[in-house]
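There are structures below to look over.
Both complexes below contain subunit A, partnered by subunit B and then by subunit C.
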Partner chain A sequence: MADVILEVKDLKKYFKTKSGMLHAVDGISFSIERGKTLGLVGESGCGKSTTGRAILRLIEPTAGQVLFEGKDVSKLSRHQLRLARKDMQLIFQDPFSSLDPRKTVAQLIAEPIVVNRIITDKKKLDERVAELMYTVGLAPRLFNSYPHELDGGRRQRIGIARALALEPKFIVCDEPVSALDVSIQAQILNLLKELQQDMGLTYIFITHDLSVVNHFSDDIAVMYLGQIVEKAPSVELFDHPLHPYTEALLSAIPIPDLSERRERILIKGEITSPINPPDECRFYKRCNYATDACRKNPQLREVKPGHFVACNRLEELNRL
Partner chain B sequence: MEEKRTYDIAELKKYKKRSMLSEVWRNYKKSPSAMVGLVIVILLIVITVAAQFMYVFNEDIVYNDLKNRLLSPSAEHWFGTDQYGRDVFVRIIYGAKYSLSVGIVSVMIACGLGMCLGLVAGYYGGIVENIILRFCEIFIGIPTILMGVALMSAFGQGLGVLMLAIGLVYTPLFARTTRAAVLPVRDAEYIEAAKIAGCSDLEIMFKHVLPNSLSPIIVQATMGVASGILTASSLSFLGLGVPIPTPEWGAMLSEGRELIRDYSYLTLFPGLAIMTTVLSFNLMGDGLRDALDPKLKQ
Partner chain C sequence: MDKDLILDLKNLVVRFETEDGIVHAVNGIDLEIERGHAIGLVGETGAGKTTTALSLLRLVPKPPGVVECSKMELDGKDVLNMSVRELEQTRGKDISMIFQDPMTALNPVFSVGEQIAEAILLHENVSKAESMKRAIGMLELVGIPAERAYDFPHEFSGGMKQRVVIAIALACHPQLLIADEPTTALDVTIQAQVLDLMRRLREQYKTSLIMITHDLGIVAEICDEVAVMYAGKIIERGTLQDVFNRTKHPYTEGLFNSIPNINDRKAMLTPIKGMMPDPTNLPEGCAFEPRCPYAGEDCKRPQAKRDISETHSVLCCAYDRPGFHIDRKERS
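For the complex of A and B:
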């Protein structure tokens, strides 16, 4: 039995809107082993970030269970949740808006430690902050700077230091590099990877950038309109994508080689509205292979060891 | 990671914190009118404090000197003397403490109460917000003077009551300003970041939301001092403020009113004093608004 740190069971988050219920996250299940990284990919608005936040209960899930080390996070009291969040942290997408502009770097990094009363001694606190700054690669001279004086990469390092301050076991990285320049993206990704190895962290890595997730994740789950359509180990997913949506996504990754010709699969048609979606395959309207068989919502099923797909016509299309 | 490093904290402290205050001051200095306001306010405070040491209430402020009554302004009596022979200039200078203290203390009351209400309303939203806001609207609907009159007649006259009454009258304004300032901050991502870091609601409200929504409140407070002084003077003019021999500017206006046709300086000078004070606080408020506006920041 693998050491599962986090298990999500049938997680749902619906938002009430004027025109009906918006199914942001619609019954997704997965589990992550300790020390591994699960990449969560999908297009904008497919519910990736909502999933991440629902797991941490920054937004209350509508239904479902989130088992963190066997405990159901969605049933914790406020006090218990506060304790649980020491082990579960979040790295934000936008380092420009996720840092309080009125606080210095040191204050920002010290905050989780101070509010959880882990270190009360001022001198020890400063030392700990300095240590964290060193860990994430922030120069000591930035100790008393304000975030608006720093570039995106440095700000994101502050965000990472904040997340690490409580020595968590599990971190949701919500598109941590999408707001950064490409050159800095690589630095931050390497930092996250190093930290994972050093501290044995478990990540959920949310992104829309497939080339990023490929290098970073052990497993990849592809989301489409609030559901997971395919989940597999990274190599397997990239080599043998089974769901038509995954296939189309992978074909869209640019290859830096002009001589290589390949066919791009274009996704046509209108996206199904997430507000009161009909009970059919969510990809039905845009899928090249859609038939009447797709008029029912497919279940995510294991077709190869570790490889899960939700497609009604999988066998017919003979893609296995 | 494993290696234990020691860090020279003194070394880190070398890189000094530059406070927000210095940045605001840098912007504030740029506006000449705001500086004029600030200088007058500082001058007023200095004069007020000095007057308390120079004059004695019973001997210099409240006395009868009927030989010298109703003298026109001269070198000896700069602003002339009133119907009891009291020096108007001395009374105005001495009386500044009433106007200033009423203005400042009432704003402190209003700001303290209103800020808490607005913070709670803005942060929690929903029903709490609705209840607080509707109550504020009810209170705002009642004219300031009427409200002051009602409170003064309910609690009796006196400086303390005047402060409290004006403070209560202005509370809803502060509550609304604070709520409006809190709204955009509440949804900011760094509030979510504070939540995940383990901050409680109170910690978030006072450590993150309030400092980031303070600018309009500071401006409102500065302007509020001016309105407070005006309201206090109006109430005193109506005979509802501080009791009569006290040289409160509004009360002095009221006393001079009967003689305005022949001895207009009796109303002119207290009026000018009120105007100057209110104007300087308003200038200061204007300057602060510009200085605190993040869009003007370089």
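For the complex of A and C:
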């Protein structure tokens, strides 16, 4: 049987706003096998970051279960949660605002170890920090530097070292390379991939950049307005997208290759409001194939082994 | 026969004289653009793309900025020595710019219709009512319904705001449009809509375009030519075919290798090692030399532009070595 490290069941996160309930994450379920990467893609406001945070319980889920190695994270006490967080870490998007500007590189990397009282001996702590710096490719001379002296790529390496400091099993990477230039982005992506191979890490990789996620993930889940509309192994998803939204999203990527001129599928309008969404397909208003059949909310169902889609008209459109 | 140039820029140098030293942002750029052509100005953060564009509009803040060049002609007019009055007539009329961030480019206390009408009133001899009528026409052209003309910027989404900014920029049918990362702040499906719009409008008005971007994919979609910038210099210039399929500069090669390939996901990325040099302290020779896998002793002296073909040029002395070529394969 597959070794499932994380299982999410019908996770919901609603925010109360003046104009009504905002359905940021609206009933999503998935599981990840140990050592694999799940890419979570979608456009701004689709709930991908909220999902990542709700899994780590950095925000309290409204409903649903998050089973990490069989334990329900959403039911842990504060103390138990603190212990569990050693195994589950987060790498933030913005290396410019996620680091305390008054701490040195060494202090920043040591912080999680000190807070959790893993190593109390000063000399051993320095050794461990030096080891972590080596692992993420930070030169030893940066030991006493401050974040403002470093460029985005190096800062992101600090963020990665902090996440690794407690030897986690599972890391949520929330847009870890979006703020970086391509040449630096490639360095960080390669580093994350090497770390995964060396340490057997499991990742959720949250991004809006489809070419990055394709490169990086084993499975990809596409989110739209708080729901997963399609989930499949990366190759399958890119070769045979079944949901009209996935299809449009993929065709919208500008490809830096002249031999590949594709027909672009433009979708009309913009993302609709997540506040009190009607009980119909969330993509209904923008979908090029929408009919009255789409006025009920479709279930995510397995249509091919490993390939899940939430679309009412799938059979009718003959896309399989 | 002489080429019909909309922009003729020779040896542009821009530096910022700050307390911490002199920042060499642009270090000798020649840029000729033929009327009706679209050129992509590509490079990473700090390459000098935006500074180059701002110099063309004379918008580089002075001090600390110092702009020097031997020639800056827009449609035959000398921009560098224009009076303030002439400049005002030129900006928005002959040359206009779309800024990266549509959230901050619009005035929050005027309706979007008024902001488009303002540009038209300023440059054309029309009545206020007439300018508003044309503004509404422009809105419809960029895909915003006429009844939204009296709405304010905060009532629009990012993609819609960028359409408004495009409408303002095109309201007076400029000869040259500079678009500075116009879709970077937008989601991919909205980006696709905006790029599609820009392409259609360009065909309709025959506007020349400078597209500033870090995304080679966007260049491939919308431009005819490419200029790749690094540390304030154009290091490779050519048609799309030249630069994408017959790449010559090691930095351009590095850029292509850094991008995840959608069709070959198993391939490990080949990043460019190290970082862009400090613009206050640029090496005397090739600025890419410390990061370049092909670097040799000859790279430490100043580089000269080399013409590969009529359309294709590169700034790299390695081609002086007999039989030198980069690893990236030529494609047809």
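Rule of thumb we're sticking to: the second predicted complex is superposed on the first by the 318 of 320 C-alpha atoms of A that agree within 3 Å, B and C clash if a C-alpha of one lies under 4 Å from a C-alpha of the other, contacts with A are read in each partner's own complex, and residues count from 1 in each chain.
One rule holds in what follows: a contact is a pair of C-beta atoms (placed from the backbone, for glycine too) under 8 Å apart; a residue touches a chain by one contact, two chains touch by 3 or more.
The shown structure was predicted, so the numbers you read here are calculated from the model rather than taken from an experiment.
Steric overlap between subunit B and subunit C is absent once the structures are superposed on subunit A; the two fit side by side. Legend: residue contacts after superposition of the two complexes on their common chain; A:R141 is shown touching subunit B, with no touch to subunit C.
With both structures placed on the common chain, the touch criterion links A:S77 to neither subunit B nor subunit C. Legend: residue contacts after superposition of the two complexes on their common chain; A:K86 is shown touching subunit B, with no touch to subunit C. When both complexes are overlaid on chain A, the residue A:T120 reaches neither subunit B nor subunit C.
Draw one line from the C-alpha centre of subunit A to that of subunit B and another to that of subunit C; the angle between them is 80°, to the nearest 10.
By the document's definition of touching, neither partner reaches A:S19: not subunit B, not subunit C. When the two complexes are overlaid on their common chain A, residue A:A252 makes contact with subunit C while staying clear of subunit B.
Judged by the touch definition given at the top, the superposed model places A:N214 against subunit C, while subunit B stays out of reach.
After the two structures are overlaid on chain A, the closest C-alpha atoms of subunit B and subunit C sit 8 Å apart.
Of all the residues in subunit C, the ones that touch subunit A in their complex are 44-45, 157, 159-160, 187-193, 195-196, 214-221, 240-241, 244-245, 254-262, 265, 268-273, 275, 331. On the side of subunit A, the complex with subunit C involves touching residues 43-44, 151, 153, 181-187, 189-190, 193, 208, 210-212, 214-216, 234-235, 238, 248-249, 251-259, 264, 266-267, 270-271.
Within the complex formed with subunit A, the residues of subunit B that make contact are 1, 5-7, 9, 11-13, 15-18, 20, 188-190, 192-200, 203, 208, 211-212. Against subunit B, in their complex, subunit A makes its touches with residues 56, 58, 82, 85-86, 89-90, 92, 94, 97-102, 104, 106, 111-112, 115-116, 123, 126-127, 130-131, 134-135, 140-146, 159, 162, 165-166, 198-199.
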